[in-house]
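Take a look at the structures below.
Below, subunit A partners subunit B and then partners subunit C, in two separate complexes.
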Partner chain A sequence: MKRYLAVFLGILTAIGGFVDIGDLVTNAQVGARFGMSLAWVVPVGVLGICVFAEMAGRVAAVSHRPVFDLVRERLGPRVGFLNLAGSLAVTFLTFVAEIGGVALALQLVTSVHHVAWVPCVALLVGLVLWRAKFSAMENILGLLGLALVVFGIALWQLGPDWSGLAREAFTAAKPAGEQWTTYAYFAVALFGAAMTPYEVFFFSSGGVEERWTAKDIGVMRANVLIGFPLGGMLSLAIAGCAAVVFGPLGISVETLGQVGLPVAVALGKVGLAVVVVGFVAATFGAACETGLSVGYALAQYFGFQWGKYVRAREAAAFHVVLVAAVLLAAGILMTAVDPILVTEFSVVFSAVALPLTYFPILVVANDPQYLGRHVNGHVANVLGVGYLVLVGVASLAAIPLMIVTRMGQA
Partner chain B sequence: MPAAALRGVRVVLAALSLVVLLAGCTVATPSAGDWRATAARSLEDSASAVSTARLALREQEAERTWSTYAVTLAADAEKQTGTATDGVATLQRPEGVGVAEAAAVMDLLGRAEDVVRRARQRLVAGGPPPDALLERLDTVAQQLTRAAGRLG
Partner chain C sequence: MRGEHVDGRRPGPIQGWPEADYDAALHLLDRQVVTADGRLVGKVDDMELTVQDGVLVPTGLLVGLGALLPRFGTRLGPWLHDRYRQISLSHADRRAPSVIDLDLVEDIGSAVHLTQDRDALLRPRVEHVIAPVRHRLGELLSMRVVPDPSRRTEAWPRRPRVLDVRLAARPDRPGRHAVDALVVGGGHPGGLLGYDRGQVNRPWPVAALVGRLHRRSVLVFCGRGVEVDWEVGEVRVGEAAEVAPLVERGTGPGQDAR
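== the complex of A and B ==
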């Protein structure tokens, strides 16, 4: 019974923790502008993150070592450094965006400008990273993130033309008046948002923190293969709400407040309150995950003690990195840079960094020295190689598309 | 690589750097097409902001949002209309664009700024919005969309 409860809790937290600021903003932008015609990208991205998260989780469970550590050992310091540099830059950018997202969500409740909230949010994130237990942090914020299910209820309540939405989703037809390059740019951004590298590093490092063993592979797979796709459904619901409410009015989504507005239209103040709780939980949870991922990445590459399962004194350098990351992120946001703009950059650069992140995972997951009989099977390898080709294409296309479309403005 | 070839590569790189530097120092003059594309984008952005302000006002009237949320939405919309106006105002009008055409675009963008500001003020003040304000928001949004369509 206890085991079933653990699986259930894991799935719920995986759903609640799946959506972050990148998913919130990008899905709403795409829904408002392209209807459901880009919905196909979400399942493609979700399957991709499932494939590589399962590999990374299996590596952690069997070898008891996180991915960065093994990448450096297996592929050498140069490839390891490329892996580190790409992932770290994008993860830190996402960390900045998440802290900004929490501040924006608090602005919606208080009308106090988000820049004024940044120091408070940064302090709170720093305290949680320093003091909170790993499992408590993951479970509480993951469960609160489930509040975003309200987007699904709102979509239902809005009473859309379901057959029309389904037709848009399945025909993937570009709306008239939009350029193919813009369509492709947003497809890459959605893909980047769904396959954010930090999710895999956090997942595998979390596995080590929670002392997974080979016996936990089943639970880990259930979390990934059930939780992530259901989290992907939330992304589709966000896009659907934006498509139904904003599409006919020609409204483009530029702020976090707009992302939640369709819920207010459908469910009123109660729905809006729930969605704001969801915003805070999702962005705060992701801020903690990305902040920890910054520390994990550096500590695992340079080989110093890391983790929440040891005392701060025993992992001093790791904790210093966490504090430095929080201070730097807060400093960047205090310049009054728009967190939504940072988010837009983070999802595109996430797409750029994908091959640097996922190629080494595929290599390590095929090494019997680390995984013994748990090495990748045919299905994992076919999917892994297929996705490497896909992330390669997305990575090469991301920057040119960003320039040509002026970040989707064309 | 032989020393002479290396020297040649250096000279070419230096010349290219100089060309790029000089090109960056010149003032960019948009073509008529570029100006109209920018104006159309600004008009669309303004139309979106005006429609957002109208929706915020309508939802607040129906008591489906709370005041701070609606005010934040309207304040963001106001900022967007300002940014959209700046996008055109800071662009030099090229030869192929008439004074009247440019003035009409600026006039519309100014009206958008004005009407969104009024919506924000109404939300801050509280109470039901006058029908005239909702109608005006609707009219301006339509005018902006039509103008963007003509230019785009």
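== the complex of A and C ==
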């Protein structure tokens, strides 16, 4: 019974922890502008993150090696370092966006400017990263993140033309006034939002922290293969709400308030209260995950002690990196840079950086000397190679599309 | 986590260490070093090779930036290492990196496990007045290989370089290894993925592509006809040297023949 409860809790936290500031903003923007015509990208991205996370989780469970250990082993110190620099930059950018997202969510409730909230949020994130137990942090924030289910209820309450939404989703019909390049740019952004690399750094390092073994592969798979797709449904609900409320009016989404507005329209103040709780939990949880991922990546490349499974003083350098990352992120946000803009950059650069870590994991997941009989089967390899091509194409296309469409403005 | 077995085997690249042969770069370099109390102390940033009776013998794991930076390429590496030393000339470990004696290694799996705790573990080697000749594996890796003109008819890789070093268990000294052969290839990407040694062969498209890039890689056995010039940074392969294809019948070192 206890084991089933653990699986259930794992799935719930995977759902609640799936959505972050990138998913919130990008799905709402795309929903408002393209209706459900880009909805197909979400399942493609979700299946991709399932394939990636399942491989990384399996490698972590069997060989006890997290992502960046393998990156350096398989690519050598020089290419591994370039890989580290790219992945670290994207993860840090996402970290900045998440802290900014918490501050924006608090601004919604208090009307105090988000820049004033940044030091408080940063301090709180720093304290949690320093003091909190790994499982407590993951479970509490993941469960609170489930408040975002309110988007699904709101969509139902809004009473949309379901057949119209389904037709848009299945025909993937580009709205008449939009360019194909803009359509492709937002497809890449949605893909990057669903397949953010830090999710896998955090997932595999978490597996090592929680001392997974080969016996835990079943539970890990349940979390990934049930939790992530259900989390993806939240993303679709966010896009659906924006499509119903903003689409007909031609309004574009530029603030976090607008992301939550459809819920307020459908469910009133109660809905708004719940959605703000969801925003804070999702972005705060993701801030902790991205912050830890910055420390994980650096420590795993250089080999110094990392993790929350040891006391802070035993992993002093790791904790110094966490504090430095929090201070730097707070400093950047204090310049009053728009967190939504940072988010837009972070999802696109996530797509750019994805192959850097995806490829070494795919190779090691096929190495019988690491995984024994737990190497990739045929299905994992067909999907693995398919997604290798896909993440490669998305990575190469992301920056040209960003320039050509002026970040989707064209 | 040490001692956990998968399918009756330890997770990791070298089955049966220290009796098994292995490739230093593929199986040992850049791996995590874990102390007896389960703490992480660093990576195998480089490997110390000592000349004993005319043979190159691995004697220690080098740890720290002083060992890592020179491996960043033939030009960038020394430049970075110089800058690193200049930051604090008083620190000896910036010139001579910390070394973990190979005798302290208990096991090599997916990480390198030591028999000792981490307190004051890392320190540069203190040499006696008459010190043995020591080299770094990193110096040997990426040295260019110059085949004798008489061997030009063989299918050598274009611009051949040392990619890896095969370490063979010494029958005369159980548990000890010596450099047996050099893995020589064209320096294409993917040399540490394991496809060129027959260690991994899936997924097929990746295996085929990387395998094709490294199809001309060879093993050059150390001994007669092979001269390593550490000053110039090149390996000369004479007429008498023994050269063999890198992979035969799909098995490589560090693999069980299942």
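Rule of thumb we're sticking to: the second predicted complex is superposed on the first by the 410 of 410 C-alpha atoms of A that agree within 3 Å, B and C clash if a C-alpha of one lies under 4 Å from a C-alpha of the other, contacts with A are read in each partner's own complex, and residues count from 1 in each chain.
The criterion applied here is as follows: contacts are C-beta pairs under 8 Å (C-beta built on N, C-alpha and C of every residue); 3 or more make two chains touch, one makes a residue touch a chain.
Remember, predicted model here, so these are calculated numbers, not experimental data.
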(message) Once both complexes are superposed via subunit A, do subunit B and subunit C end up clashing or fitting?
(response) fit
(message) Given the overlay on chain A, how many degrees, to the nearest 10, lie between subunit B and subunit C at the CA centre of subunit A?
(response) 120
(message) If we overlay the two complexes on their shared chain A, which of subunit B and subunit C does A:269 touch? Say first, second, both or neither.
(response) first
(message) For the overlaid complexes, name the partner, subunit B or subunit C, with more touching residues on subunit A.
(response) C
(request) In the overlay, answer first, second, both or neither for which of subunit B and subunit C A:305 touches. (result) second
(request) Applying the touch criterion given at the start, work out whether A:109 contacts subunit B, subunit C, both or neither, answering first, second, both or neither. (result) first
(request) Could you look at A:371 and tell me whether it touches subunit B, subunit C, both or neither (first, second, both, neither)? (result) second
(message) If we overlay the two complexes on their shared chain A, which of subunit B and subunit C does A:381 touch? Say first, second, both or neither.
(response) second
(message) One more residue to check, A:161. First (subunit B), second (subunit C), both or neither?
(response) neither
(request) Give me, in Å and rounded to a whole number, the least C-alpha distance separating subunit B from subunit C in the superposition. (result) 16
(request) Across the two complexes, find the residues of subunit A that touch subunit B and also touch subunit C. (result) none
(request) Note which residues of subunit B are touching subunit A in the complex, please. (result) 41, 44-45, 47-48, 51-52, 55-56, 59, 63-66, 68-69, 71-73, 76, 80, 141, 145
(request) Under the touch definition given earlier, write down the residues of subunit A that touch subunit B in their complex. (result) 107-111, 245, 249-252, 254-255, 257-258, 260-261, 264-265, 267-269, 272, 276, 409
(message) Could you list, by residue number, the parts of subunit A that touch subunit C in their complex?
(response) 62-65, 69, 72-81, 211, 213-214, 299-300, 302-306, 310, 314, 362-363, 366-376, 381, 384-385, 388
(request) Mind listing the subunit C positions that touch subunit A in their complex? (result) 1, 4, 6-7, 9, 11-13, 15, 25, 29-33, 39-43, 45, 63, 68, 71-73, 76, 110-111, 189, 192-194, 199-206, 254-255
